[in-house]
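Presented below are the structures under discussion, each in the form of structure tokens.
Presented sequentially are two complexes of chain A, the first with chain B as partner and the second with chain C.
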Partner chain A sequence: MGLAEQSTIQRVENRPRLPDRLVVGPDAIRAAVLIVLLAAGALLTPGYLSLENFRILLMSVAAVGIVAYGMTLVVISGEIDLAVAGTAVLSAIVGATLLDTGSPVLVIGATLVTGLAIGLVNGVLTAFVGIPSLIVTLAMLGISRAVANIISRGQASYPDSVAAYLWFGNGKLLGLPTPIALLLSIGALMVVLTRFTTFGPALYATGGNTKAAVLSGIRARSVKLSVFMICGVLAATGGMIESARLSYINPAAFAGLELEALAITVLGGAALAGGSGSILGTLLAALIIGVVNNLLNQLGVSLYTQRVVTALVILAVVLPGYKRRQIAK
Partner chain B sequence: MLSTNRRQFLGGAASLAVVAPWAKVGLAQETQGVHSILNDLIRQYAAAASSMTNPSVRDLYEQDGFQDYLEAYPVGDLVDGFVWEPGMGAEFEGPYSNLPIKAPFTDYIPLDEGPVLDPDRTYRIGFVFHGFNHPWLISLADTVAWEAARHPNIELEVIDAEFDDSRMGQVIDTWITRQFDGIVLWPAREAPMGPPVDRAIEAGIPVVSLDRRTSSSAISSEVLGNFYANGLQQGLYLKHVVSEGNMVLNRKDLGSTADSIRTGAFLQAIGNTDGFEIVGNYHTNSQRSLAFDATADALQANSQFDISFNTGGEEALGALGAIEEAGRLNSGSSGKIIILANDDAKEIMANIRSGAIDMVAPYTPLIGDVGLRALIRHIGANEGRNEAPPRLIITPNLPMVTRTNMTIEGVQTLTPDEWLYAYGPAVE
Partner chain C sequence: MTAPLLQVQDVSRSFPGVKALSDVSFSVEAGEVHALVGENGAGKSTLLSIMNGLLQPDEGQILAEGEPLTLGGPADAIAHRLAMVHQELVLCPNLTVAENVFLGRETAANGESRSNQGVVARTQALIDEIKVDLDPNALVGDLSLNERQIVEICRALSSRPKVIVFDEPTASLDDEQTEHLLEIIRKLRQSGLGIVYVSHRLSEIFAISDRITVLRDGKVVGTTRAEGITEQKLVSMMVGREYDPSSMSYRERNLGEVALEAINLTSKGHFAGVSFRVRKGEILGIAGLLGCQREAVVRAIFGALPVHAGSIEIHGKPVRIGSPRQAIDHGISFMPADRKDEGLVLDMSVEDNLCLTVLDSLSAGGLLRSGKRRDLTRSLIARLATKVSSRKQPVRGLSGGNQQKVVIGKWLARKGDIVIAEDPTRGVDIGAKAEIWSVLQEMASEGKAIILIASELEELLGACDRIIAMNRGRVTSEYLRKDFDAEAIAHSFVA
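Showing the complex of A and B:
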């Protein structure tokens, strides 16, 4: 066999086989699922594709979507943050203690700084002290909820006197309702962070194999600390958006937010073992959950049935990805 | 877990038992006997429920089995022929909430301030409930603690079981081991609390439940609220102001007493008015954000949306938020979406005052004092000092609150300014 002939054969063998060419990325699958759900909505309920319904839909997922962005970063790093609900509550309550000052800088600043501080504590205990994040953040969930109750004496607060706070729930930014604008802009920022900066590869490497990352010069502990801090700030932001939207800062709020955010993260393609996941996937996942709930509400389906359907949708979307990973292994 | 005793309260609670004059009692109110009036209406509408003519209402009523729940819910007279009037009750600062409170029933099953029973003995009483993070439940705890603080020989231990039934059971078992003199509890669910209550009763410790019931048939007393009158009045109000419209229901957890009785009684009241159509039925489970999203979606799905029925206050405020965000408060066939609420939080009252919410049926959390006094009577009965109170202690039916005074089927409504018992933080 001559060289030219051998080269031709190799080229033929290297050419992607037909099934591989047909394989589409996981985010494309999520986008397709979303389109199918929207089409189903359009068929089943009149006016489903209206701008007003998109507004309702995006408003309903904005806060949890932003919290899920933070969760996604933490999960990519190989850790987990079960404290996001406690972080959202405690941050909002700390901010509420300053409502009487009437100063938006103090109220919003205290809210975000509290989120940052909780993330810092979670990050230090996980990355530098070496306690598993599951334990650290579970403890922090309990602590932050309890402290929120102690500070607030279990009573709600009303941020009506601070217009800038309410803007986070009811205002406009770039012509869009603020929660939606923040969902999209923070999402874009996170995409830039994970795809177009050196932080992105370091994050994926840390989550994929921390030891290898450290040996290759990546400061894995700093990466983990950073994602916990970002997650804390985003949880506080999500809490502030929802509190502003309801004009109501409630120490009993956000029950189950951590699991909701985690479900969106997993639906978005992040593996709990770390090293994979994407912000775009998380956004698509939040939209899928939002469309399912919005559509079922409009069809008059009960909350309990909605939970079953949502869980089934998560399984249906996530399962092929896991099967593919198993085959790859 | 929080536990405390009387001494801790004496400094913080400005406890002052005063029967405050009800400034407007002499106005157009004829509320004496509202309990009996509402009981009569309950019986009247319960009897008519078997022949509902509205198919939309009847289908839901039958589908969710409301009849079974309603038939089992006690409706009856007050202890010792007590007659409640607006304006009654003591004012104090809540030991836990630090908020000003006027409790409506401090004259019901009365007990003088000072030592109880044997003045040379200290009576150890446990109060276990769920929810130091919930305004309604903190107010309930406030009234238990206030009553305990009025009696120097009562030592009260208060524990929050944080909505964990098994933890509540463990707390009760611990108190049995420590030979407490009595137990007051607010059970979240009926069935799991039956066995621990039975164990306490077997150990000779009287037990009184507040608001919700347990599955124990041996429990000493149950202090019950007025769920039936709540739902009924929502229906009476609706029928009074309109005779037709598309309605969306925001309900509490399926199978909960609050949902079964309030929603069932509401459906009984409107079941023979054919113009109402139920176009949405959601269980938003006392979560304002869920009620907000469900109502937003229902508004989108129904261009004709006239009435929002809410089984609780959180549901009503979530619905209101969505309706306002959609800019549709002043829409609907009557020119405004009618919003019906339960639970007399100050936030609800502010919205009644502004006209955003149309009516609320008060369901006061300020009944803990009644439970503690009943428990002391039980302890006294065990010591042979007095007679035991009845097993069922029904609290007075309370009249609905509307923006202006109205008379609806003999029930005279109160305005938010006349309703002195609202709980929770003040709202501008």
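Showing the complex of A and C:
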């Protein structure tokens, strides 16, 4: 009996499972939450939807959003990078040692190369030596912060003399403030990387089922090394944007950045088990967090209360997804 | 006349968009093995979930000795003396046999001794009851798969059931272990228990059952006495059309040059001095029992296990294979048996899984050529008659047979000329089985060299040009198709 002949007789299987399109896509949920929050803001405070307020909002999430992109790639690959705060600090401090040269190429180059190098070490130790990334990057967080303090002797630096450096915080790109332009353009680049290149399926397969990926010819270790290196560069970029914005390179900066970036990543739909998550989701999640903080600021809510509310929002947005996953199983 | 031990009466159950069961009835008498058969998606899993209290029926009821039961969960089922032995073993590897048997029931309920010694003694009693050899103090992690199956059976027996449901108990057992399990089930039947037996393997169904109920599309097609029906008739009932066994059978082919030769391959702790060759257009079977290390041999050839000595030649040239990537670059394909663990990325779409092996050829400067990817996906889905709702559907939601077709499809996409297929029809329904065998025969006819491992010797006898037998990490004998003799080959496993 030929295959074509058989297929005409075959019926659609009636095994119990939910139709694929019964549930709204998770990114649509996140977008809806964002719109509801913005509407609430418009009702509560006059002039909330002004351009100026949008600028404030986007500026507040640009650096952490870019760091969260890197975190998202690492989490999709099934790993975690807790070192991002240390990476941001050490990269910025290494760059600061070259401020006296007055060369923007050296300062900015050294900052980004340091981020790349830290990512390389994280990636090699995780993917090729086989130490769990939780441990590798936790150690790296401590080491890089400590080294930043040793190099700088605990002293902050002021990059006022290097205009190109300050441009990252206060300049304009494509008519937008540089941090916002970078948040959007790096985001677009990462969307292309994860959805329209061959790296995308390799990345999701590595995180979803490493064994199956390797047996399909995917170089899973190289994939993991790559995402750690990208994450390192993006952490350095985020650190540079923030330092430039404040004109202040501080070895004690970015406390808790790793948890903030991780929270955004999870809110953006990435599962810590790997294999899922999206850059678009992460961008929406960063905006949600930004709007919540921005609203609470405008309402004069204390910082500690803000943190509780932010955490509750994360749980509320993440919960339906997990419930659905359980039903689907 | 007394009421049957267990009676399923007019049970219906719907899910959004599908009616999984409609008016299903069957009964189990004391001292009877009642087999439930049907293709994947026929409703067996839903029915078992209802019998285990995991799902509630929309209509109908379940009666035990005439009394209607309300089953709110597996605990209720056990309380009504209805036990289940699961397909996927749910045991804790770091606990002992006895601890697993009484897991969750260590606290005294009715004054019985639940001390460690009591538990060990009671486990020993259960082991003696089914006349097997197993140490209640052994760690489950150290046991073989069929010994673990016995632990599951003891666990079911420990609740003193009147009815035991076996859900695909032999899915990961080899022929000898299966025979052993069937022997235990016969003893349970003799002691007056009612047995419900679910399996894809028809030879077992005929070996063990007294009555057979066939499900198709959520309905009972019929219940029949086992001795009054042929295998062909039973399959026709299951698939709803005449079954043509010739589509599974061997096709005469011309063999070409040697495609792959293994010379004295050794991987420490696994196998030693393994040599064989496979020609273009040939299907070479590797036969053996669990633990004979044939899985290790093919993994070593595919670069997934280190080779410590010996060499591999492909088309007459010696090659070094240090990783699956290198093996693939040398034209080797590998379809692993465990599709969920090794074959597929379950949360990725059908398309992404199918294209995973050929990402390089779908790329233009790193960018995915989505048109080419779509065309490739569509042609593979059609060639294998894969039932999917869309190419974007996650493979997690597919039936076993369709998942297996995706595993085969991704290697069809790669067009490698040496194909290793490991148990390609494990846990797959009859219709899909025939299609998969037919595809493998076609691949051989196209001139590919195929190395085949199958857990049922019968399948190897049906498909192969030549069979080598392995025992404890060594090749013990070789048979050409004209000399195939099931008994002799089976004997060489253990010799």
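In this text, the second predicted complex is superposed on the first by the 307 of 329 C-alpha atoms of A that agree within 3 Å, B and C clash if a C-alpha of one lies under 4 Å from a C-alpha of the other, contacts with A are read in each partner's own complex, and residues count from 1 in each chain.
In this section, contacts are C-beta pairs under 8 Å (C-beta built on N, C-alpha and C of every residue); 3 or more make two chains touch, one makes a residue touch a chain.
Keep in mind that this is a model prediction, so the values were computed, not measured.
In the superposed model, A:G300 lies in contact with chain B only, and not with chain C.
Contact with neither chain B nor chain C is seen for A:G171 once the two complexes are overlaid on the shared chain. When both complexes are overlaid on chain A, the residue A:P201 reaches chain C alone and has no touch with chain B.
In the superposition on chain A, contact of A:E52 is made with chain B only, not with chain C. Of the two partner chains placed by the overlay, only chain B lies in contact with A:R245; chain C stays clear of it. When both complexes are overlaid on chain A, the residue A:I218 reaches chain C alone and has no touch with chain B. In the superposition on chain A, no chain A position is in contact with chain B in one complex as well as with chain C in the other. Every residue of chain C that touches chain A in the complex is listed here, in rising order: 15-20, 40-41, 43, 45-46, 217-218, 240-241, 244, 247, 302, 304, 323-325, 328-329, 334, 336, 341-348, 352, 355-357, 359-360, 362-363, 366-368, 370, 383-385, 387, 389-390, 392-393, 396-397, 399, 402, 410, 431, 434-435, 438-439.
Across the interface of their complex, chain B is touched by residues 45, 47, 50, 52-53, 56, 59-60, 145, 148-149, 152-158, 160-161, 170, 242, 245-248, 250-253, 255, 293-294, 297-300, 302-304 of chain A.
Within the complex, the chain B residues that touch chain A are 96-99, 131-135, 137-138, 254, 279-285, 287-290, 292-294, 296-298, 300-301, 317-318, 321, 325-326, 347, 424-425, 427-428. Of all residues in chain A, only 1, 3-4, 6-7, 9-20, 22, 196-202, 204-205, 208-209, 211-219, 275-276, 328 touch chain C in the complex they form.
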